[in-house]
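Look at the two complexes coming up: subunit A is in both, with subunit B in one and subunit C in the other.
== the complex of A and B ==
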């Protein structure tokens, strides 16, 4: 057995490899840290969770903020306006986009040794976060989503600024990644990625169960699982979460099975020919997984453009809410997949709060009869550098997992 | 020769690392400084190599805790070792400065020089080379300023006064409403001040959020969110969206303002009705 440190995954994890001669026969992921978010919340006023929960994660704190607002709205039986809904999606999609761009270059290009223009990439990231902050006040760690809606009250001037910014983002993105119309004709950095994977004979590595799951519903996704090519609606009540020895991350399964969540899962439920093309050729290998994540950016940019064109500013930003006791469970899409928040409010205070993060789905520790998504993807690999790349193709988030 | 930096993370959410990545002038900073280790962007060293590294500036993000694993080392020991070698220490974010949000779960977590308002055990060792940049997260321009500059006038919590002598209230677009005591009716409006009803702590919070804007465009209070006082040792308080009052008077006065002065001015301001400030800025119909 060999233990390796995996770092720069928004924190760290230890990987315990079992090997037979050179071939990896098993891997276990150990997250050594725990920061006690769920304990911090206990006994607090539910509103405080809107400030505490973004601090779960520096890169997807906005998804945690929105999940918090949603679970409380579900308990208090509040429906927010379409305007608030659209603004929330715009900012959440921005957070997902900046995440994907950071991961594509700082993680994947770096790992594969592909050169890139840091200044251009950095400029793109800044522009996306600026669009986000135009509504949310700041990124990271905004608390602009409150129970009942959003705190901002944009005029058509802010919408005009946002439209200008999203046009710039779209141009900069295409300049870097290339046009994404034809899978047979990749250009720019996406072509570089593809050629590198091809040269290094990595196109087919990292295949897992080819099973996908999403629990959220928004303008981009539905709550759907894909098993043997069959689509079924998913229910949050069928999720099982189990503690593990020696790791602070809990295992999660759906109906006893491990599923992949994330951009590839989101895009596989659509009939998008671009991703279907790669999936037909390479199944759920790192190639399809990486391309799905960067391709999703182009879809989300279009969603933002659409929302900005159709937002009705005359609606209120916030609807009134009244606290009541109860329990709810909700899901929202974060960059890395379905993020689940569950809360119980008793006598106006948080009694329990439970969070299941996307990385828990992808990086659970299964058994040899029932391997998890990551185990299935890695077992059989002989080269640790490749194992490392497969890990990173899931875009792991340690801080989220060890909230 | 570029000055060399190690960015060490303790008990953290990574928010400051990501905040720093928003620095517009990052490329020019990287021409003067080299990050031997940064948790996000490519850097030559691995965590395991840090204790033997030669470097100049230690940036710390996150709280310190004994028994917290950092690679093959203990975080506290690794920090102490690096801090002794560093020429300058920049504590970034309220966790590294005061202990921060995770201290609510584990009281043994501290900042570098401070444990909330108290001096920490490390204070005597490192006070003469540490600059504190609190905030949850710290603003990227503040971090860059602390890295690039060598002389600051520091306040009692070792925060540069150039940033922290101001209150967050200074520069808020709602200042007119504050002056005339026109409170926001609810969240989600352009109109009104958030001090009286929504819990805004900006009038007694040290920081430059409304002078040096976030992401070059906005701030919490400008976008209708109250300031939660995240640059102070008391962060996070409880009841964060609610202003505590005693008999209708806010429990916390604006910084340095005597209660009697505040009440007098409030009484006078409230005796006038300023139609422009009580109406919607843009008519609905």
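== the complex of A and C ==
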């Protein structure tokens, strides 16, 4: 058995391979870190969770902040305004966009040895962060989102600035990645990626169960699971989370099955011809998974443009809230897939708080009869380097997972 | 509490920073820096990159660059006559090797650092510093990366600046976090990499004071770097995440003077942590006029009134975000209508990080740490610099403090 240490993800993880002759017959994923955030939350005032939870992750802190607000709003039975909703989506979509870009270049291009223009990429990320900061104060780790809405109160001046920035982002993105209209005619860096995968005969590696799940509901996705091409609504009660030996990450299944979450799962809900084209040809291989993540950026840019055009500034930013006891479970889309927060408030204090991160969905450890998403994708591969690439195609986040 | 009382509480002479130390002092420092830069020039650069070329390529004119240098000189609290030296130091950044390790963290500081905002010149400078090891940025991963770290430590023995991100769990019972295939604990790892560092920069509140993992009940027994390493100069850059401008400032100061910057009693560089948020806050006039936001989203909020009553910790928090701001200076937390959460202070999680006004805060007690309850105690405790309930390693503080004061 060989242990492969992996970094260049956010944090650290190990892959343990089992081989028969040259073929990988089993793989286990181990996360060796732990911080104990769920324990830290216990017994605190619910508002504290708004400051602590974003620190679960330096990359998707917005998603954690918003998930925290949402689960508490659900317990306190509060509905936020359209304006607050749109601002939250704009900032969260920006966070997702900059994560995808960074992953595409720093992880995938590095891994495949493709050259790129770091300065251009860097400037694109900075422009996205500027747009984010307009509403959220700073990135990463902001605190503008509270129970009942958002604290920022943008005027038409900020909206105008945001519109200018999103136009720049769109231009810079197209300059780097190319236009994404015609799957048969890829250009710029996306073409580079495709050609490299083709040359290295990697187009078809990393296929998994072809089962997808998203639990969230927003202007981009719906809570839907896809099994054998059949769409069904999800029930959060069918989620099961289990501790594992020797790893601080917990396993998670839906109705006993492992599902893939993330950009590909989100896009498979839609009848978008661009991503369908790749899925028809390469199924849920690394090719489709990588392209989905980068294609999603173009969709989210359009969503932000739309939100900026339709936001109603006359609405209040925050609605009044009153603490109540109760339990709730909610889901929100983070860069890497559906993030789930569950909380119980008892006598005004957090009694339990449970977090299930997207990486847990994709990187659980199953059995040989019931392999997890990552296991199914890697087993049968004959090269550890390729196995690594498959692993990274999920954009794993260890700091999130080992909260 | 009446406003007069509030005002007097917050306008007393707090830890004042000395921005003018007299001509003789600066003349001596100037000569010292010049000599240092001459020495550096003799060293082979670690990376064959010319900052001049890159700046030109990026369309940054000499004039823009000097503007940046003069702003940075001011940030480092040096007289403007040092501007040419700062510019020269920036060009010599490739001579100082930096190793960056991540421990019990959320990667937030790496994220802030690699997307460093600030003026464009800062980005370019970060691209050219000799980052010999940084997991997220470097090409290598896994075993290859481990080998690269060993190489860098060996090659730059005694010369590298070690940046540490994340806390160190030392709790009993379990080996909470390990690193690498050998299963080395974070504590062992830190000690090993720290051994041959010239100085250590702890970035973020986790690495400085334990941060989020150290919040009560501190399940893993997390502590900061200065609780583990006590025979090296340590510079703390707390905040969650630390402002990249301050990270660049520390490196630049080191290149320029060969020393670590002057530190306060918590080992924080005074150039960045010499003032409170409240001293330079854009809402300060409203504080003085007694105009407060009373509820999220009220008329006061729409008019950018002071956030003190919503729990703003600006009056007790030493940091320069109100001046430097974030993400290309677009904004900062108070600008987005939320009070300061005191993320750069020790005990952030248990003493500061709650969302309610301080007067009626019901705070979870840190194990073994007393917690002030009322505004008065809170403010006074800090303003007299006595009530900070944190155990600092006297040794580390004495060594680092003396060094910077004695040599500068």
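Operating definition for what follows: the second predicted complex is superposed on the first by the 403 of 403 C-alpha atoms of A that agree within 3 Å, B and C clash if a C-alpha of one lies under 4 Å from a C-alpha of the other, contacts with A are read in each partner's own complex, and residues count from 1 in each chain.
Here is the rule we use: a contact is a pair of C-beta atoms (placed from the backbone, for glycine too) under 8 Å apart; a residue touches a chain by one contact, two chains touch by 3 or more.
Just so it is clear, the structure is predicted and the values come from calculations on it, not from any experiment.
Annotation: superposed three-chain arrangement on subunit A; subunit B versus subunit C shows a clash. In the superposition on chain A, contact of A:134 is made with both subunit B and subunit C.
After overlaying the two complexes on the shared chain, residue contacts for A:314 are found with subunit B alone; subunit C is out of touch. Once the two complexes are laid over each other on the shared chain, residue contacts for A:355 go to neither subunit B nor subunit C.
By the touch criterion defined above, A:146 reaches both subunit B and subunit C. The residues of subunit A shared by its contacts with subunit B and with subunit C are 5, 7-8, 10-12, 32-33, 35-37, 39-40, 44-45, 47-48, 50-52, 55-59, 61, 106, 110, 118-119, 122, 125-126, 129-130, 132-144, 146, 148-153, 316-318, 320, 399. Here subunit C touches subunit A in the complex through residues 58, 102, 104-112, 115, 117, 123, 127, 135-139, 141-143, 145-146, 169, 176-181, 183, 211-213, 215-220, 222, 240-241, 295-297, 301-302, 321, 325-328, 330-338, 341, 343, 349, 353-356, 362, 364, going by the rule given at the top.
Residues of subunit A that touch subunit C in their complex: 3-8, 10-12, 14, 32-37, 39-40, 43-45, 47-48, 50-52, 55-59, 61, 98, 106, 110, 118-119, 122, 125-126, 129-130, 132-144, 146, 148-153, 316-320, 388, 399.
Across the complex, subunit A meets subunit B through its residues 5, 7-8, 10-12, 32-33, 35-37, 39-40, 44-45, 47-48, 50-52, 55-59, 61, 84, 102, 106, 110, 118-119, 122, 125-126, 129-130, 132-144, 146, 148-153, 155, 161, 314, 316-318, 320, 399.
Per the touch definition, subunit B reaches subunit A in the complex via residues 9, 11-19, 21-22, 24, 26-27, 39-42, 46-48, 68-72, 101-102, 104-106, 136-137, 186-190, 209, 214-225, 228, 236, 238-242, 282, 284.
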